[in-house]
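Next, two complexes with chain A in common: one pairs it with chain B, the other with chain C.
Up next is the complex of A and B:
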């Protein structure tokens, strides 16, 4: 069976290993481009959120390369993502694209359907091979996240613009090519070393910006206009707390652990948001407070247009910003967003932070727990 | 848009000088189902916009959890208002009974505004009834806070009545029928309102209905997918014409009227053929 899946940043690297390990031919859709988006917006409902549209584009472009089946995650709400796969299936059906959709629902909606679909994917594969594949997939997932994490710091200090990104892409390729956990470990080690070797000017004054928001728009560089690269090249260290490996772990594998993780988030978000609101809304608020305490100069909050959980976060974040005297830039993306507009706003934001820094001296917010001016009295 | 109207309501109440505002945090009003995520955050959104969080009485309504937890939330509200557990329980039972009366009133083919009139209140907002013998029957879909709100729906219901159409809503159908139809969808809909809309849409395709109108607020997350599913399914299962009216704060009245008139004319023309 020729199997494909939607793109989300570097997710294709571990997913390729997973599906290949289960004995299927993998068709990775071409990286997202304007064409992907155009295909998606042609067939998807107008007011659906952006990821759904890009997914459709991915499927259609993969179909052109001969893909026969799609593996996609499901969900149990309240975020719209839980209904993506089903709506997409209906759309594909109506345009006469007869790809099979294998929807992996989280165990919380019942083990039975999940196991049935997994059996469909793992037919005839030995348990040892499955275990090996899962280990390899996980190793790649973690490797990609670690490489990206390091690049977010290195890029701010690089001497030649774009050199970090180039090294990072090479490292991704090595991880993608690796066929065993050992090879992944080696690729990761080399990749990290190479990133450290990127010529840098460590004496440079840099700003630190925290990125929070909806996971797809954070992870997929096509929809966020390479936000983190842009910031890095403006001499900004980017910090974030949303990583693909976390999402896979919590959304798909261990929804049972959610409670435990939420307890931590609740503590941070409590003065502002006291309940889980689906998607990453609670995370956005909690991470902003957490980052504010950890010494960032500003926050960029990114979300797809009409995203329900992030709208909740968006309407609450200004009061966090006020209490911590922390500037927050909200970036809403959809198919009409233009790169020039985003770039201008990022530049203006960075300029603003730099002038604040110049006035208040270096890194006023570094270290120590900050007491917000008025926050907890709310 | 309904959330923006909500901000307006709260702001009005605060200006009117109320001490506290009852604003339950609606998470789940049926087991294993959710409400739109924005409802879950409403108390926090209001606390961020208006000072003094303490003025909002926001019990958590989550019926996916055990009923015991829900009663405990109720008792907390009661305590805050100086009531004993017994009084709270009694008030809750009365509220439930009132809600039941209201729902069966709607099921009898009536409108919420008429209920108010019957209770001898503000009769001004009364919805006009259809002409004596309406010659068209339209199935209306949409969230209750849109279709029953004159502003949010641009008064679509009264306009349809004036055009001589009978209008059905989800609340006029039997809950058992809606439930029976809702389970026919392959994936369980996890939004309560969306689930009722899907069930009603399927029911309309099996009823003598001339047209289906779906009124949605621009940017509504749940409707963006629910309306898509309704549109595709109704088209596959029937010949019933559909109109999706997407309304926001920039929508002009004339545009809405024109589209409603054109739709109704088209339905009449089809019927005459």
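Up next is the complex of A and C:
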């Protein structure tokens, strides 16, 4: 079976290993381009959010390369994403694209449906091979996240614009090529070392910006106009709390323990938001408070147009910003967003933070609170 | 004018260029930071000839002026910098804020309504603390006022005066310009007078601005109203009625972006003691061409833009990897210029 999956940043690296390990031929859709988006917007409902449209584009481009089946995540809760796999299945059927959709989603009641779908992928594969594949997939997932995490700091200090990104891409390729956990470990070690070796001006004064928001728009550089690269090249260290490995762990694998994870988020978000609102709405609020305590200069909140959970967060974030004296820039993306508009806002925001820094001499946190809130510092 | 001409040979001047969607503005400021001359041109979708014409006009009026620095801003800022040789390339928010605080250090709010975009800038103690720009909708910008004035056969310059004659401004639905237009037609067919309709339109535009761009922003006096639309007295009055206190329209309200760019260039040149990259007024005679192609070396398929001057490549941008950017006008990291950003 020729299997494909939608793009989300570097997710194709671990997913390739996963599907290959289970004995299927992998068709990785071409990286997202304007064409992907055009294909997606042609067939997707206009008011759906951007991820759905790009996913459709990915499927159709993969179909051109011969893909027969799609592995897609589902979900539960108020975010529309949980429904997208099913909507996409219908859309593909309507346009006569005959692809099988294998939907992996956290069980709402029993584990049976998930296990049945997994069996569709794992038929005839030995338990040992499955275990080996899962270990390799996980190693690649973590490696990609760690490489990206380091690049978010190094890029702000790089002397030659674009050099960090180049090294990062090479490191990703090595991880992608690795065929065993040992090789991944080596690729990761080399990649981290090479990133450290990027010529840097460590004496440079840098700003720190926390990025929060909806996971797809954070992780997929095509839809966020390479937001983190752009910030890095302006001399900004980017911090974020949303990583693909966390998402896989919490969304798909350990969703049974969702309650425990949410308890942690609730603690940070409590003064502002007391319940789950779907998607990453609660995370956006909690992460902003966490990052504010970690001493960032400002927050960029990114979301796809019409994203309900993030709209809830968007309306709450100004009060967090006020309490912590923390500037917040909201960036909304959809197929009509132009890079020039984003660029202007990012430049203006960085200027704003730089002038605040120049005025106060240090991080602007001095007037803000030091603990998340009096309510739960006990 | 003659005395100015005589004196400008020895003085230092700085040039600010703001290439916007509708207009291209050029401003010459003196070493003391005063607006010495301004040129306002329509961009007409051709930014390169607009900048060249502007430069030619400045040169014609002041043949021996010495330009010590050039700043560019607006959506065409990179292009303008490539053509003229820019020392500072700045976004509109920072440029407008720099000009606002230069003339009115006590300003706490800047309301800017231009041809196709509108913005609000919140300043505290001379530093930008928050800003917003219109996002998905251009309702409530100059283009719509232009369009409606044309429909009613009123020169845009008289729009404001006529609106001020209103006795009972009508209420017009202002969220979307398409609906605003149908509502205006409805009101006119009901027999309302033109001044009442125009005043109603101004009020609707102000409401739309404050509810969208100004949403959640703490608007405190002194409020500066700048951008081309500030010329419209009807809009000023509608804004004052809504806010409940007077707003200040700076004397250079229609070219504040260019003034800001010139001021930032002046600061940059003075503080770093560098020589300007200005290519000279001769560039107004040069032949520029812009072309683009899609790079297919990797999966990114970047759109690469080439700008040539008399057949020689002078600027190139658009690639993710930097492969094509031989002579890029690099973005200046604001962190390297912290002091320049502290407006006073």
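In this section, the second predicted complex is superposed on the first by the 362 of 378 C-alpha atoms of A that agree within 3 Å, B and C clash if a C-alpha of one lies under 4 Å from a C-alpha of the other, contacts with A are read in each partner's own complex, and residues count from 1 in each chain.
Please note the rule applied: a residue touches a chain if its C-beta (ideal position, glycine included) is under 8 Å from a C-beta of that chain, and two chains touch if they have at least 3 such contacts.
Everything numeric in this text was worked out from a predicted model, so none of it was measured.
Asks: Could you classify chain B and chain C on chain A, in the superposed arrangement, as clash or fit?
Replies: Overlaying the two complexes on chain A (C-alpha atoms) leaves chain C and chain B fitting together cleanly.
Asks: One more residue to check, A:348. First (chain B), second (chain C), both or neither?
Replies: second
Asks: Rounded to the nearest 10 degrees, how wide is the angle at the Cα centre of chain A between the Cα centres of chain B and chain C?
Replies: 80
Asks: If you stack the two complexes on chain A, which partner ends up touching A:49: first (chain B), second (chain C), both, or neither?
Replies: In the superposition, A:49 touches chain B alone.
Asks: Quick check on the superposed pair: does A:307 touch chain B, chain C, both, or neither? Answer first, second, both or neither.
Replies: So A:307 only meets chain B here.
Asks: Looking at the overlay, does A:123 come into contact with chain B only (first), chain C only (second), both, or neither?
Replies: A:123 sits against neither chain B nor chain C.
Asks: Counting only touches as set out at the top, which of chain B and chain C does A:204 meet: first, second, both, neither?
Replies: A:204 sits against chain C, while chain B stays out of touch.
Asks: Tell me the contact category for A:166 with respect to chain B and chain C: first, second, both or neither.
Replies: Once the two structures are laid over each other on A, A:166 reaches chain C alone.
Asks: Have a look at where A:235 lands relative to chain B and chain C in the superposition and call it first, second, both or neither.
Replies: The second partner, chain C, only.
Asks: Pick one for A:318: touches chain B only (first), chain C only (second), both, or neither.
Replies: Both partners, chain B and chain C.
Asks: After superposing the two complexes, find the smallest distance in angstrom between C-alpha atoms of chain B and C-alpha atoms of chain C.
Replies: The answer is 5 Å, the least C-alpha separation in the overlay.
Asks: Enumerate the residues of chain A that count as touching chain B in its complex and touching chain C in the other.
Replies: 305, 318
Asks: Please output the residues of chain B touching chain A within their complex, sorted ascending.
Replies: It is residues 3, 25, 27, 32-38, 40-41, 43-45, 47-49, 52-53, 60, 186-191, 218-225, 227-229, 232, 246 of chain B that touch chain A.
Asks: For chain C, which residues are in contact with chain A within the complex?
Replies: The contact residues of chain C facing chain A are 75, 90-94, 125, 127-131, 133, 135-136, 216, 299-301, 320-322, 330-331, 333-339, 341-343.
Asks: Give the list of chain A residues in touch with chain C in this complex.
Replies: 30-31, 33-35, 160-162, 165-166, 204-207, 226, 229, 233-235, 305, 318, 327, 332, 336, 340-341, 343-345, 347-352, 354-359
Asks: Under the touch definition given earlier, write down the residues of chain A that touch chain B in their complex.
Replies: 45-49, 74, 76-80, 82-83, 86-87, 90-91, 94, 109, 272-279, 281, 305-309, 311-313, 315-316, 318-319, 378
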